[in-house]
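Each in structure tokens, the structures are laid out below.
Here subunit A shows up in two complexes: once beside subunit B, once beside subunit C.
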Partner chain A sequence: METVKISNKIKNSGLRREENLFGYLFVLPAVIGILLFIAYPLFVSFIGMFLDWSKYDNSVFQAQWNNFENFKQVFGSAFGKYFWQSLYNTVFIMIGIPIGLVLSLVFAMLLNREMKGVYIYRVLFYLPVVSSLVAVCIMWQKLLAPDGVLNSLLGFFGIKGPAWLVEEATAKWSIIFLTVWKGLGSSILLYLAGLQGISKSYYEAAEVDGSGAFNTFIKITVPLLYPTTFYLVVTGVIGGMQCYVEPQLLYGSSRLDTKTVVGYIFGKFGDDYLGEASVISWFLAIIIFTITAIQFIYNGRREKR
Partner chain B sequence: MKKRTLFSVFLTFVMFVTASISLFACSCGGSNKIVLKDPSEDENKSIKISLNCEGDVRASYEILIEEFNAVYDANVTASFTSDSDVYWQQLDSAISAKNAPDVFYCDPSSVRQFANKNGALPLDTYLQYEIDILDGKVSVNNDYPHIDYHDILSESIKYYTYNRETCTLGDGTIYAIPKDASGYAMGYNKNVINKAVLMGRWPENLLFPWQYTDSEGGVYDDYASAKASGKTVSQVCYTWQQFVSACQACQFTEASTGTKYYGTGLLDEWAMHSWIWTAGGDYISADGTTMTIKDEKFVQGLQEFVDLHLKYDACQPYEDSLSSSHYDKWKNGQVAFFSVGNWDIGAYDAIDSSILDYDVMPTPKKDADSEWYTYRGTLGFAVNKLTQSPTLATRLALWLSASGEVSNERIRYSSDSDLTDGIAKGAYNWLTKIKKVQLPNKTADLNTYLADDTLRPTNKQVYADIVLGSNGKVYPSARTYNDEWWEIFYGSIGKIWAGENAEPEMTVREYVEYINDSCQEALTKSIRAEQKDSKR
Partner chain C sequence: MSENVSSKTANANKTGNAKQIKTLKDVLTHAVLILASVVMIYPLIWMISSSLKISNFDVTGEGVYLFHQLKWSNYSEIFTYITNPGLMDGLVNSIIVAVPSLIVGSYISAIAAYAFAKINFKFKNAIFMLLLAVLMIPFPVIMIPQYTMFTKFGWYNTLLPLIIPKLFGNIMMIFFIRQFLSGIPNELVEAARVEGANHFVIFNTIILQLIFPALFAQMILWFMGIWNDYLAPQIFCGSAQTLPVVISQFMSPYSTYSKTQLNMAASVFAMMPVIILFIIFQREIVNSVAFSGMKE
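Right after this comes the complex of A and B.
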């Protein structure tokens, strides 16, 4: 009884109020930042979906209400098909995510072994991550040119390589090659950390039980690396859906067969159709949110099991 | 009562004074002599300009701005951006945030947007003020030089004149001063053609690009002899068929060196229009409301351009250009015919003539009865509507566009320079004569330039024909309010091209049928947007 009284006294004392005040003051900059740079833009772009809105308007509230016209323009007009194409292009390029995961796991396993010069290999694999994306794109343009290194190699085996960057069938694959190569280093690094966190006792026990290398990999390594894989998949999907720079640098903004959703939003912004840009942005955000939510739900259920 | 009388006296006095002042002002007007304080003296002398250029163009503008600062007692700060995409994005953001520099670039497409969205200042008043000073209608107490915008090519001014009520370009208020007028002529490298002649590949009866003809059938071997004849002569202009023959003759591998030479190398984004226009086609109707790409003439022109690349073995394949661009191969002396923009003359002049011995000719025309057409470009200098220094900013735009030599004791060039202190060289000298990066903007300067045989190319008249309007047409999207229709048209044009291993997905006819409705919808939408914005 006495303890409760003392506690209430402390709760209502000037000292506690002062402490609370300082607490609120400390979080205030972050709250203001969130309100200004996240909540307000979200609100404005949401309203903007229903407005005939120009970037030259002094305020979004000056714009005229145009009901669902922006939705019609994006999804239903004669050139709505170019939006769906940009979405298809974006999803297609995301094929690079599983490819990158498999490759980075394989390389991480190799680099996790004790061998001579392993640190040099690790640095080499990480180099693309720290390289300038512009320089990387120019290099890949040269590599994938008709008389570039890749086609010269193919020619060595008697295969006539395609014009990778020109033909529609290979243009998106060129972006996938680039993104996988560029992102491999950081995935390898995370998998390496994950691998080194797995206790050796699991492997010793498996060896005692007569488990083969492949079985050990499937039954021990892969499940214990799941948190890393989960993280890489989630960040990969979020990043992949927002892919923009690589196609832009490789092909410029004009080609529709390599234009991604973010590139399409950028084009709408450039043409001053801000309402349409808002519709696509929200559509993209909902897709990313849904996929991420499904991943988290699946992960939650898996952990419960 | 007393108060009322006093009030009446006061009112009469006020009316008397007002009438006297008015009459005095009228009499001054009659003698054409108003002494005014130049508004630029009250304005903030520190203004900002944003430019998108590099290399020799940037160097020229840096000096021109220094000259302007000295001549007009100003303090202009310039910011330069070399990446065009970045420049326009930043400018767009700055205008919408009402934080744009005092002077900035605009083009025939953006000037309509800037005018409608209150980004660009209507310049008529300020331009007229300069003329009034020149005409002596206004006297000012300073020695600043003044430029009459009527001296600038009217063919360029029209792209920056816009009527917001009718949404018409080429009529109404002036929103920008032309920064330049430019164009693509068809360049040729004599060295490659001579090699083809020596190898016996050059077709019989096909005139050389450097030859001239007169109406009586006379043929002259060069510009000098044509000029000396005193007759009305015109340079050789190939038909499509002749151009293909010439290009095929020049596409070979030199046995002794193994060097591959190409007939031509053209980028569709800039060159295909020539083929379309000369065939009588166009992208949109004259009134700018309807897509005309399904027209048979359009299809014929574009198909011929595609065939030039895919069918005739006369051209560096597009996919080859990704490893070494047409431009690089041209500068390396491996291409016989190439689109030569006048802004590149300085760069080409710097190349040894044993590699690139070039001159220019008109772009090919469909047949003997057709007219040739090519791309004509222009950029302008707009003044920010919110500028605190509209008179000075307008003068800066005029200075960078059309200034000539001006004596001013404040001009001091660096000690290692061979330029004369006390004389500002001005835009024509820097940009056209010294750095060779653009054509003159003033009519008189253009005539001087054309008559100057020391400046290359020899046949400068081709550029005059382009910029004076008869043979030059602006970029297709420059005719419309925004370029969404063009992004759609050009964005999928890969379907009519093919790599070495693949057939084109569509013929030109199939492509225009496939793309027309989308382009039309985007065009209609842009017209609606312009009409809406013009009422702001």
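Right after this comes the complex of A and C.
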């Protein structure tokens, strides 16, 4: 309403052109930045999928057209199985998303109680979020070492811990643990904001109706927190599909059981198969778009009900 | 009506018994939360403690004990311990990247956000949708063309690939500030327009002050992202390295940096600016994160 009034006034006073001018001027840098550093690279990697393309080419437009050779190499050749393995690893590591959701909801519920000193926990839980990923990888590498702190602690209880980062059975779980530990604080904050947005009258009504605590949680809290859960799942999947730094730093690039899709892209990039790297990166992007779209469609249906 | 009923039941429940149950529940909650906090924080405390140890041997194995040695000189040793690029090079480079990006990029983002929130111009919504779409694009898709582009510009081995793109603004920041501005009444802008001020003047004299607290919280969050970023400098910058890449050398299988206590000290050093900022501005940051989650 207000904006309509203003725009009418502006139209009447003949300032419409000035409005347009300032509008464009103000958003111009952002738009140029997107066109130059995102849209153009996006276009290049798209055509790059069909090119025999090298880092050392003077320009991508001089590269040779090689039809669908890159696709064959990625999905079909003798190396195909390494690609599928990296996809499996990536999806496996995303087990951390539901684990993180459940834990953060539990802690958000605990933090939502009216008690003294409850704020300090929020700050403590958030510290890993702001900590440098490289620094915490260096740290966890030592903590999880065969003679590291975790195994020393287990030793007190007479348990001989494995070499967490070496053995295949625990390597991926170590990454899951690390990502959950690092991300927990931020999802707790979002859940907490969601919980505080739920009107108390719902709970009071439930209490009057004699609803039990667990029943209230399932029937009221969980559905009303759906927007937060939705946001966390979408961002979690987008981030999880792009997991790279943790396995790269902890395990290097030669281990097959921990290499993620993005790790695989880096491998192709390092070996100068830019066309194949483009194919994989678009494959990844399409998976991300599809999953996100499915989530949005599901969300739309849910809201209609 | 229902409020009446509920307040009555609330009053009825406020017997001594209910109070005792509340206290008991509080104690239990604190116990669980303290335990969880220990798990969350112990590793970081351990890291600081290990950075003050005398030798490697004490870091692993028996390193469970905290702060039984305090060798502060580790923190001066790290500057000569890491070479080529050294820790100081990394620090200077990180500052060179962060400062101009933050100042220019935040201003550009804020003024764009102002345009999206308070100016009516043609195709505004279409342009805004374009920005939204960009957020969905995963970095791996664009990183290789970006690499070839930056290399062609002659930016390899410099910090420019980290600085220049950020000068054009930050989309998340634009969203956030636009959201914040939508809560500010349009009359404010309208009145200034009637008095003859143009939008550039209005933004610089009125709006920038108004949004500054929100903008500042976003700037701190962005700073943390820039400071901790490992991926972009590692790909684009060759020998010009920021702090995260400098310390990532410890993780290399060919690493010769075998003094764990010094590796820990360097890591603590690299993350300290962010941790200190977080502790100073935790309220603003926590509120800002919670607010940005509610935009959905």
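Everything below uses one rule, namely that the second predicted complex is superposed on the first by the 269 of 305 C-alpha atoms of A that agree within 3 Å, B and C clash if a C-alpha of one lies under 4 Å from a C-alpha of the other, contacts with A are read in each partner's own complex, and residues count from 1 in each chain.
Methods note: contacts are C-beta pairs under 8 Å (C-beta built on N, C-alpha and C of every residue); 3 or more make two chains touch, one makes a residue touch a chain.
Just so we're clear, the structure is a prediction, and the values are computed from it rather than from any experiment.
Asks: Let me test your reading of the model: by the given contact rule, A:Asp147 touches which partner, first (subunit B), second (subunit C), both or neither?
Replies: It touches subunit B and subunit C both.
Asks: Kindly classify A:Tyr231 by the partners it touches after superposition: subunit B alone (first), subunit C alone (second), both, or neither?
Replies: After superposing on A, A:Tyr231 lies in contact with subunit C but is clear of subunit B.
Asks: Is A:Asp272 touching anything from subunit B or subunit C once the two structures are fitted on A? First, second, both or neither.
Replies: In the superposed model, A:Asp272 contacts subunit B only, not subunit C.
Asks: Output check: A:Phe79 vs subunit B and subunit C. Expected answer is one of first, second, both, neither. What do you get?
Replies: After superposing on A, A:Phe79 lies in contact with subunit B but is clear of subunit C.
Asks: With both complexes overlaid on chain A, does A:Thr292 touch subunit B (first), subunit C (second), both or neither?
Replies: Touch status of A:Thr292: second partner only.
Asks: Does the superposition put A:Leu127 against subunit B (first), subunit C (second), both, or neither?
Replies: In the superposition, A:Leu127 contacts subunit C only.
Asks: On the A-aligned overlay, A:Asp52 touches which partner chain: subunit B = first, subunit C = second, or both, or neither?
Replies: So A:Asp52 only meets subunit B here.
Asks: Subunit A residues in contact: does subunit B have more, or subunit C?
Replies: C
Asks: Could you tell me if A:Ile32 is touching subunit B, subunit C, both of them or neither one (first, second, both, neither)?
Replies: So A:Ile32 only meets subunit C here.
Asks: Once chain A of both complexes is superposed, is A:Val91 in touch with subunit B (first), subunit C (second), both, or neither?
Replies: neither
Asks: Common interface residues of subunit A with subunit B and subunit C?
Replies: 55, 141-142, 145, 147-148.
Asks: Using the touch rule from the top, collect the residues of subunit A that touch subunit B in their complex.
Replies: Interface residues on the subunit A side: 52, 54-56, 73, 77-79, 81-82, 141-142, 145-148, 160, 162-163, 165-169, 253-257, 259, 267, 270-273.
Asks: If we count contacts the way the header does, which residues on subunit B are in touch with subunit A in the complex?
Replies: For this pair, the touching residues of subunit B are 85, 89, 92, 95-96, 113, 117-119, 269, 317-320, 322-323, 482-484, 487-488, 490-492, 494-495, 497-502, 505, 517-518, 520-522, 525-526, 529, 532-533, 536.
Asks: Residue numbers of subunit C touching subunit A in their complex, please.
Replies: 2-3, 5-6, 9-10, 25-26, 29-30, 32-33, 36-37, 39-41, 43-44, 46-47, 50, 59-64, 108-109, 111-112, 114-116, 119-122, 124, 127, 130-131, 134, 136-149, 151-152, 165, 167-169, 171, 174, 185-187, 189-190, 193, 198-200, 203, 224, 227-228, 230-231, 243-245, 247-248, 250-253, 260, 263-264, 267-268, 270-271, 274-275, 278-279, 282, 285-286, 289-291, 293-294, 296
Asks: Enumerate the contact residues on subunit A facing subunit C in the complex.
Replies: The touching residues are 2-3, 6-7, 9-10, 15, 18-20, 22-27, 29-34, 36-38, 40-42, 44-45, 48, 55, 57-60, 107, 110-111, 113, 115, 117-118, 121-128, 130-143, 145, 147-149, 152-153, 181, 184-186, 189-190, 192-194, 197, 201, 204-205, 207-208, 227-228, 230-231, 238, 241-242, 244-245, 249-250, 252, 261-262, 265, 269, 274, 277-278, 281-282, 284-285, 288-289, 292.
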